[in-house]
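Letters A, B, C, D, E and F mark the chains as written, and numbering starts fresh at 1 in each.
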Amino acid sequence: MGGVVVQNIERADPDVVAGLGECGVATVHEAQGRKGMLASYMRPIYSGARLAASAVTISAPPGDNWMVHVAIEQVKAGDILVLAPTSPCEDGYFGDLLATSMQARGGVGLIIDAGVRDVRDLTTMNFPVWSKAVFAQGTVKETVGSVNVPVVCAGALVNPGDVIVADDDGVCVVRREEAAAVLEAARKREAAEEDKRKRLAAGELGLDIYKMRERLAERGLKYV
Amino acid sequence: MGGVVVQNIERADPDVVAGLGECGVATVHEAQGRKGMLASYMRPIYSGARLAASAVTISAPPGDNWMVHVAIEQVKAGDILVLAPTSPCEDGYFGDLLATSMQARGGVGLIIDAGVRDVRDLTTMNFPVWSKAVFAQGTVKETVGSVNVPVVCAGALVNPGDVIVADDDGVCVVRREEAAAVLEAARKREAAEEDKRKRLAAGELGLDIYKMRERLAERGLKYV
Amino acid sequence: MGGVVVQNIERADPDVVAGLGECGVATVHEAQGRKGMLASYMRPIYSGARLAASAVTISAPPGDNWMVHVAIEQVKAGDILVLAPTSPCEDGYFGDLLATSMQARGGVGLIIDAGVRDVRDLTTMNFPVWSKAVFAQGTVKETVGSVNVPVVCAGALVNPGDVIVADDDGVCVVRREEAAAVLEAARKREAAEEDKRKRLAAGELGLDIYKMRERLAERGLKYV
Amino acid sequence: MGGVVVQNIERADPDVVAGLGECGVATVHEAQGRKGMLASYMRPIYSGARLAASAVTISAPPGDNWMVHVAIEQVKAGDILVLAPTSPCEDGYFGDLLATSMQARGGVGLIIDAGVRDVRDLTTMNFPVWSKAVFAQGTVKETVGSVNVPVVCAGALVNPGDVIVADDDGVCVVRREEAAAVLEAARKREAAEEDKRKRLAAGELGLDIYKMRERLAERGLKYV
Amino acid sequence: MGGVVVQNIERADPDVVAGLGECGVATVHEAQGRKGMLASYMRPIYSGARLAASAVTISAPPGDNWMVHVAIEQVKAGDILVLAPTSPCEDGYFGDLLATSMQARGGVGLIIDAGVRDVRDLTTMNFPVWSKAVFAQGTVKETVGSVNVPVVCAGALVNPGDVIVADDDGVCVVRREEAAAVLEAARKREAAEEDKRKRLAAGELGLDIYKMRERLAERGLKYV
Amino acid sequence: MGGVVVQNIERADPDVVAGLGECGVATVHEAQGRKGMLASYMRPIYSGARLAASAVTISAPPGDNWMVHVAIEQVKAGDILVLAPTSPCEDGYFGDLLATSMQARGGVGLIIDAGVRDVRDLTTMNFPVWSKAVFAQGTVKETVGSVNVPVVCAGALVNPGDVIVADDDGVCVVRREEAAAVLEAARKREAAEEDKRKRLAAGELGLDIYKMRERLAERGLKYV
């Protein structure tokens, strides 16, 4: 029943990862066909953080953070930890000591479908976390889990090496092998939005810009 | 099964609306007899926003934001959108493009019993939103709903033209036809509170100010 | 069926209380054997508050804040109110007038397994509150409860005079009679953490610092 | 701040009410355009109950069941109580004594966005209840509310005299003045369903019966 | 950090325990002043079970059922296990093998603020369980907890030897030292209810039986 | 943005599927290393159902059941539908007409991370459903999704052709390619349990059968 640590994982091109981070969650999620969002309860511990990074995944028992230590050894510069407990848990698996260790190795953040603590210190350290809970409840180190296996985190499948995009709107996962294509689609979407933003700001209506009036009438919308 | 857009709605006197905004949610809600609060899960996307505005209501299918475009055409200066999905949903119906369109028409905010996205941009734009969720999950434009019909939003009935008062304490609805009377009661309440604040700050007890000791004894309270 | 007000309660040594506040929730909770946390839904109304204080407890009916007035008379400098409703409730039992009264008597905050309102004013007043909800929904004053009896608040037993430690990571209760010993253990823990922080910042791994590798292998962890 | 009891309310034609009860919730809800459902958390205390009845509404404070006694006096044969607390509550407002009183007056059930107790006795009495919770937590009789005013119950607006349809699929409200038309539409729907049921049972596909294939292809569905 | 097993606990008089079981949860809870209810989410795995029993308490880590084995050795005839996890958990700590062991020792049931599994077998065995969840998710045996220490279970303090009363209305705890007095009060309440039941069945109104009309008028209730 | 229907999927050996159904959820889940459980909120619409079947998966928009019709054409004898909405939804996607169609094609049940309706009819038809909600709220047929693609349903990854095991303890997924090995492990587990059941029934303690006493002492458990 022992766990597994996969030591060599592939990651997406760093330029692609960086580009996805610039686009942000809402745009990336639309660009890949409205998929990949983790559940809405995954919230940042402070406002304004925005990143994209390669996932080092952790499957951990409830209330046991042993595997976080194991996972940090697998982290390379630009990686983010993605922790999924094997059953629902809000305990505080991660705090400022582990964040110190992450930063020492170039790790850039944490996505955790559970709790985090020391959030004041993490904020000072500029170490962003998206979590289900902020909670000081401590954990033990008794049961092994696995690192760099596919996990379901907050309702989304995350493979090791997939790209995580996260900002104030939540967390989105992009498949590693689709990352370049999604970036291209996201860039196009951004350009198109810029034009629409100007027209809307000038007072034009979406009804006209998107030519919705006829289709609305066909679907039976009535003005009274 | 098509929807309806009501184009002419009555609104409360702008001075009354503004006055209610100055009083804030807690005072207004008390002044009208402890009624009108939307559910406590309706939270602002940033702290410190405070407003009162006339409701343009939207009844929308889950995961379909088509009616937001329709509703914006009905918005006049000082209006706020109030969106209720026809079944529970946390999708992000609204983002920075729609907010741009709202501001171009004089719209001042959004109350949504669902999700919102692009919250960093909305914050920069000073466009306040009270929502059930912050979530980038996108929506489609396939099914019609209705605009400016009565809706139940986060557990409260909102009629088109009702006054929405919102701040960090939540969201309260005031019936359009009761708005002037509620404002008057709220103003009186504020005056009375000012006096009490001074006495409490000076160390007097509420037990004495409100003459509660005798009634407490009657109800059986015992000091040991 | 009348309630009870216990007027004389014992409190912990003020220096011990102050010391626990400096250590913070995560450290104190670990130092006493990973116990005492209130539920994770207890969140501060603003970031950055951090305190320790002696509990004046309130058992109150749902939607009835009469006992808060009664409790404030029992508050001494350095105390914090801890309110537990007798059945689940999110109503706003407490606002800026009551906070004014608390501050006039030296009270330093509120822990409430229910709602709070006037949070903008409370923030300005530097009056910290950890609550289940922010909600303007008002309360009545019709039914008596009790003050300074043991209560279960957000899943944790709190006795009058117990020490409450609260910060951005949540709320923890320390038994009055264990407070000095817990402080001593917390101080030791802090010192040990400081050393580990330096080693981790220098790039050493927790796996090595805590000598975990052998035990992980024994438990069956495999590297592939 | 006192409450109101409206003593004379209009009810729908008893034959129409009975007819709606035969159709059941799913059919009635579809027949009126997919509207009127109370929230999904409203569950029956036992399986198999099915009814339609005229609503006598109650707006009650949290944890206070005084108004139930007041409301029962307003009940006529074939009526059902619909209780909405003024803020969320799960207390057990209603038990076997009140059910005895209801049955003595011809009342047929209870819809309550809160708790109910004595459910074993209620089951034996054949007194159906749809509630948010089963919970013995008791209530007080200290604060007045209102009877036969419009209420929002479990997210749906219910006016006194509206028709409540309830079964194992949940609870649906039909406006009194629309009840006859909804019944007619429901009857038609039932007839149409009977034909489809036979064809589906014979192995025909909905794709063919409803002629969906072409429209699916237009919307971009691809078979691989 | 090791746990503790308290081997000798006091229990209430078996006749008193049996008497409380006959009265049922709603009556017992009222008789002791509307206190002692565990949270409303504690539901029986099958309908119709009704019991009172002496509590053998378990404080267990999340996802670790080792202490259940330890606790069963402490069980005497007529005891019930009361398990509280140290942080929220829905894992299935208990199944048919442990129930077999319990029954072999005279144990009569389980109260668990977490999950249970093998519920079909437990139903066949007539082994009642009140739980937060039914869930097959398994647990480990790695971390010690404690047996027969005071625990907070589903929001209520339970001491070892306290009396648990449970039926379809939920779970209530009665202090061991108050059990006899509560039984007496419950018996009186039952007798009084019997008389009221007859009068209500005969069509008398609670408004008259309890003489509420005058007090309602005083509080401002108006009939229109 | 159109969807995809995968028409040819592999299924596990029918004898293996049947064997897993006999073992039940708790045993199968343990036998494969405590993995594969869908979330605990997935509950059966009636007690006593127990099955194993091959998954035909559906990814559907919120509030849109069009893809159910598409999926039924892909169903073969012994299959079960597994529906995951693309964002959280409790609408009633499925009722008795669709169940009639399923049974006509040999389909044996439904797993749905959303709502179901007509549950009285489904019970009569012996058509088992495990769902997040029972809710009559209707759906539309406007937006395409996909059939027989991998989905995350109630927190678990389900591939088309994976084996679903479901009973009163919840729902578990077994990878198609691991099904035979899991069955073998489950059979062994069952045999071992039978022996333990007898010893426990005879009064032996788990502490002795599993030789736990020494290890408990090592971990610091103290008897007092």
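Going forward, a contact is a pair of C-beta atoms (placed from the backbone, for glycine too) under 8 Å apart; a residue touches a chain by one contact, two chains touch by 3 or more.
The structure displayed is predicted, hence computed values, not measured ones.
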Q: Enter the minimum step count from subunit E to subunit F; a value of 1 means the two chains touch.
A: 1
Q: Report, in whole Å, the distance between the mean C-alpha point of subunit A and the mean C-alpha point of subunit B.
A: 31
Q | Distance between chain centroids, defined by C-alpha means - subunit C, subunit F (Å) | A | 41
Q. Do you know which subunit D residues sit against two or more other chains?
A. 1, 34, 37, 40, 86-88, 90, 137, 143
Q. Can you list every touching chain pair?
A. A-B, A-C, A-E, A-F, B-C, B-D, B-F, C-D, C-E, D-E, D-F, E-F
Q) So in the complex, which bits of subunit E are touching subunit D? A) 25-26, 29-30, 34, 37, 40, 43, 47-48, 50, 167-170, 172, 193, 196-197, 200-203, 205-207, 210, 212, 216, 219-224
Q) How about subunit B: which of its residues touch subunit F in the complex? A) 61-64, 86-91, 137, 140, 142-143
**Q.** Residues of subunit B touching subunit D in the complex
**A.** 1, 33-35, 37, 39-40, 86-88, 150, 152, 155-157
Q | Parts of subunit E lying in touch with subunit F, wherever the complex brings them together | A | 1-7, 46, 66, 69-70, 72-73, 90, 92, 95-98, 100-101, 103-105, 115, 117-120, 123, 133-138, 141, 143-144
